[in-house]
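As written, the chains take the letters A, B, C and D, and residue 1 is the first residue of each chain.
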C-alpha cells in the first residue's frame, strides 16, 4: 500500500521533498502539490505527475491525499494547513519552525491534544543525522559519564542580503536549540545572546555576524554556540559534548582524503543539502513509516513550541544587551510526555 | 508504476535485499521469493508477503515478476537463472561473482549479446560507494595528473573455518579486481599472488593469511593489495591512488570522534554491512531505476567475466609460487564497449 | 663562552629545568642551586655538580652566577629574587605567574624600568609551542582575514586535593590569558567567569569543575575558555581561532596512529610535560640565547602584570555571580612598548 | 667538560651539523672544520670560529679534536676518514651511507673489530624519529601481536637532474632498508626492485620514477616500499606496520589544523629538514652523549654494511627485470651482536 502525499509550498525545501518522494522514499508517492506561485506547482506536476491544487486547504481536504507536507514560506503560513490537517485527522509533516510565535505553536499543540492523537511531525531533521544519533547514544548509555558542557558552532559560507540578525536565531540557531534539547532529554532554564563587538567584514546591513548563544539546561549543562553565517569557508556544523570522562564530537562524513600541494585535505561541504542529505532522507522516511504504522515517532508540535519559546528568550537577551534570561516554558502536557521522540 | 521483483536465494545477502526492497528502495515491491530451504522462503513471505516459488525458474518465468534478483549459493548456481531471465528478456541483478568460471561467464555474455540488449547487472556494489565514486571522479577529471600506483588493503576481522585461501581471491580480492578495473577504465595485463612466509596465528587450516596481490594494467598502473581476513581489528577497506601530483584515499565515513582514555578515536566498523550499506542501497536503487528506464547502467556481465579471468590468473600465479602471470582476456565485444558503466 | 646559571627552587619545575640545562640546552651550565629544603638542593648537586647556596639571595649575588632562574613556591616568593637580580643587573627567568598580585608585579616592572634595561623573562612557555607559533603567524599574516572568535579548552586529567577553584584561574587559565594576549597583540577589555551548575562527580571540596572563562579584547575579539581539570581523559589543550575566512586550531603532535579494537587512535598525552616539552626547551634556550646576546626576547614583566590584573578581574566576576567585569589595566609603559615579544 | 668536534665536509648536511653543534647540541663545541672547497670551510670558521684544516686527515689527527663528524661527498670518501679515526681510537659519526660498497664497509667493520671497541656511528637518523621509536616500541612490546606486513612510501616533491635511478635505491630507499631492519631486529632474506611501466611525466632522463621495492625478512615479514621522488606534492614518509591484531602507522607531526576554502588541512612539509629535524637533533645528541659516556649507542658500521649489501641485491633484482634476489649477508660478527642499537 503506497502512501499518497501532498505538498504545500514547493520552494527550495518543498521541491527537494518532492524529488525525495519520487526518487528516494520507500512506500510513498507524490499525489498532490500546491503553491501560491502557479509555475512552481506546474513544474512539480510536469516532473512528477502530481495533481495541482490552487488552494492548499483543498489539497489537505482531498480524500485522495493521505498525508500532507507543509513547506510554505513565510513560516507563519504553516499554521492554517497544520490545523486543517489535525481537524481532518490527517498526518502532517511541517517544516521547521512549526510556526513563528509561541502562541501559534500553542494553538497547534492544543488542537492536537484535543484530537487525542499525534498527527504532527516537525521538520527538525538534525535529530536524524547519524552523528547526532551517535551522540544521543553516548548520552543515553552513560558510558562517558554525565554530559557537562556542549560547544557548538553553526557556520554557513554566505547568506543573501535578506538574511538578518533575527534569522541567525530563528532560522539557524533554532537547529541547535531543538537538537540539543532532544539529545539531552531536558529543557532549558536560561538563554543568552551575546553580540561580539568585532564582526566580519563580509556581513551586511542588519546582520550582526558572528553571534554567540548560550543555553543552560535544568540540570545545569552549559552550552555555547557560535553562529557565523558568512564564514567564507564552508558549511561547518560542530557539536562537542564534554562528559565527565571524555568527549564526543560531530564529524562531517568524509569519503576520501586528498593529498595535494603540501597538504592533506578533508572536504568541508559548501551546502547544507550535502551535509544533511542523509538526515533529510531518514527524517522523511520516518514520517512515511510513521504514517504507515499509524504511529508518528519524530519531533512533536511540543518540540516546535519549546524551540519557539527558547528563541524568544534569546531575542529578549539580545535586546537587553546580553543578559541571561529565564526560558519561561509552560509545563509539558502529559500528552507530550507520553508522545515524544526517543 | 511499481516494479515487481522476485528474489532467488534468501541467505544473508538475499534476505538483506528483501528487507532493502521492503524498507528502503523507491519504486519496487517484493513480489516473489524462492529458496532451496523452504523455511527461508517462508520467513520472507511472512515478513514481506512475497509469493513463494518452489523452483526458482518458475519465479523467473512468472509474468507477475517484472525483474529478478539472483543471490543463490553456491555461486555457480547463478548461471541458470541468469540465462533464463535473458531468454525471457527480463532484467536480472546477479550477486557477485556472476558465476565461478570464465566459461560460465562467457555463456551469459554470449546470451546477452544474442539478446541484443543489456539485461544483466552484476552485484559489484563497491562501485556505488561514495568514496570510490570520488576516486573515480579524481581519475576522470585528471586534476591530480595521471594515476600511477594504487595501494589497497582489504581487511576482515575474522572468517569462519570454511573460508579458505581460494576465497581470499574469489570472494574477497575480487572486489578490488572489479572496482579498480572500473576506476581506471582499463584492463589488467598481469596478475600476481604472493604468500608471505609469516602468517597470523589467528588463521586456520587451509587459509594462508595474509596474502599479497599485485595487478598491473595495460597502461602500466601498478597495484598492490593486502588481503588479510583475520586481522582481529575491524572491517577496514583501504584504497590509495597515487597520481603524478597527489593522492586520493578512501576514508570510511565517520559521524563522530570520541576522546576517551588518553586517545582520540575514529570508529572502524566490524562488518561490511555497516561499511557498505550506502553502496548496497545505491546499487540496488540503480538497478530498479535502470529497469524503470529500460536502460541498465551498472556493472555488466562482461565485468563479471573480466573479474573471473583475472582471478584465474591470480590462482595460477599463486600455484606457480608467485610468478607474474599474463591476464589472458578475450577482446572486449563491441556490445560491451557500447554498454559499460561510466 | 658557557653561561653559568643558578636555580632557586628545585621542586618539580625547577628540577626539570636543572635537568634541561644539563642535558638539552646549548651554551649553559648549571653552576648553582638553592632550595629551602636542603635535600632537594643536595640531590641537584649530586646529579649535576651545582654549588649549593643556603640562601637564594646569596646565589643571586654570587659573581660566579651569570644569570638566575626562579622557580620557588609559593609564587609570591619569586618577587624578592627577581628584584635582587634586577638590582644587580643580572638576567632572570621567573616561572609564571611572575608573582601573585598586581602590586607585586608593579614593583618588578618599576624596578626594571628604573634599571633602564630588560632583565626579566617570565616563564609563559606556551608562547614557544610550535602550534601557538603557527597560530601567531596566521594572525600576523592576515591570510585568513581578521581573527573574530577564539574557542579554548584547557583540560587536565586529574588534580590533587589541594587544587582549588582559585587555581583553575591563576594556575591554569592564566596560560590562555597570557598566550591569547600575545597571539592577538592586544589587551583585554572585559573578563567573565561562569560556574556551570552541573559539575563533574570527580571534583572535590573547594573546586568548582568545570568552569567557563570569557574574555573580550579591545578590538572586540570574543574568547571562551573551558577549564576542566579532572576530565579523567587526558591533558588536552584546545585553541581554535575563527577568522573571517577560516579557522586555525591547535593539534597536539602525533607521531603515529594506531588501529586496534575497531578504532583508529591518536594519543592524547596524560601530562603537560609530554605535551609542552618542546615549548619548555625552546623557551629556556631563548632565555639562554637572550642572555648570550645581551637582549632578552621572551615574555616580559609587563606580560606578568597583564596576566595578574586579568586574573583579578576573573575572580571579581566569579565572586559577583558571573557578571562581565572591566579589565582595569594601567597604560602600557613606553619601556614595554619598546620591549615586547614579537 | 665540553666535547671538541671537528667536521669534514660542510656541504648541506655538514654545515647543518655545524649549525646544530653551535645552536642546539648540549655538551659540544665546533672546534675544527675541513672541506675541499676552501670557501665553505671559511664560511663555517667565520660563523662559528672553528679552526680550518686543509686536509681532513690532519683534522682527525689533531689532539685538539676529540671526535669527528664525516659528511663528505661523494660517499666513498667517508672511508679514509673513518678508518683514520678508528686507527687513532677516536669516535666518529659518519653520514649515511657509510660508504658505497660492501667491500668498503667490510674494511671499516674489520678495523673496528680489530680496535676492540665501538668507535663508529652511522647517520641513519630515522631511527631517532619519535614516530619510528613508537613503532619500535609497539613491535618490542608485542601488544598488537607479531608484525606481518609493512607498507611504506618515500616521497619527495622533486629531485634535481643529477638524481638518477640508482639514487632512488642508495640515497633514498636505503633509509627504509636501514630503519626497518632496526625496527624488526632481523635481517632481510630477499629483495626485489620492480619498475612500473607507467612513470610520472615529471621525471627526467635516467630516472625511473616511481619505483617499487619489496623486502622479505628472515622470519617472513613482507615489506613493500613505494619510492616516488618527484611527486609534486610534498615530502611524505609513510610506514604502516600491520600486526596480527592491529596497525601502527607514522604520522608526520602536526601542530595545527587549518579550515579554509571548503577543506580542513594538515600540512605536508616540503622538505626533509622540516620532517626530520627532531630526528637529526636527537641523533646528534646521542652521538655526543655516547662519546661523553665512552659508549656509543647508535647505528653501527655493521648496520652500514647490511644496508649496502641489501641495496646491492635491489640493484641486481632491478637489473634482472624484477626477480626476487637473495640478500647474501655474511654472518653477523659477535662484536656487533654485543654492540647494536636497542
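Basically, a residue touches a chain if its C-beta (ideal position, glycine included) is under 8 Å from a C-beta of that chain, and two chains touch if they have at least 3 such contacts.
Every value quoted in this text rests on a predicted model; they were computed, and no experiment measured them.
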item	value
Farthest chain (mean CA position) relative to subunit D	A
Pair with more cross-chain C-beta pairs in contact, given C-D and A-D	C-D
Subunit C-subunit D separation of Cα centroids, rounded to whole Å	38
Whole-Å gap between the CA centroids of subunit A and subunit C	44
Mean-CA-position distance for subunit D and subunit A (Å)	58
Interface hub residues of subunit A, defined as touching at least two other chains	233, 245-247, 259-261, 266
Residues on subunit B engaged by subunit A in the complex (per definition of touch)	2, 22-26, 129-131, 133-135, 138, 144, 245-251, 253-261, 266, 285
Residues on subunit D engaged by subunit A in the complex (per definition of touch)	233-234, 236, 259-270
Residues of subunit A defined as touching subunit C within the complex	145-146, 148-149, 151, 153, 194, 196-202, 210, 212, 216, 219-222, 224, 226, 228, 231-233, 242, 244-247
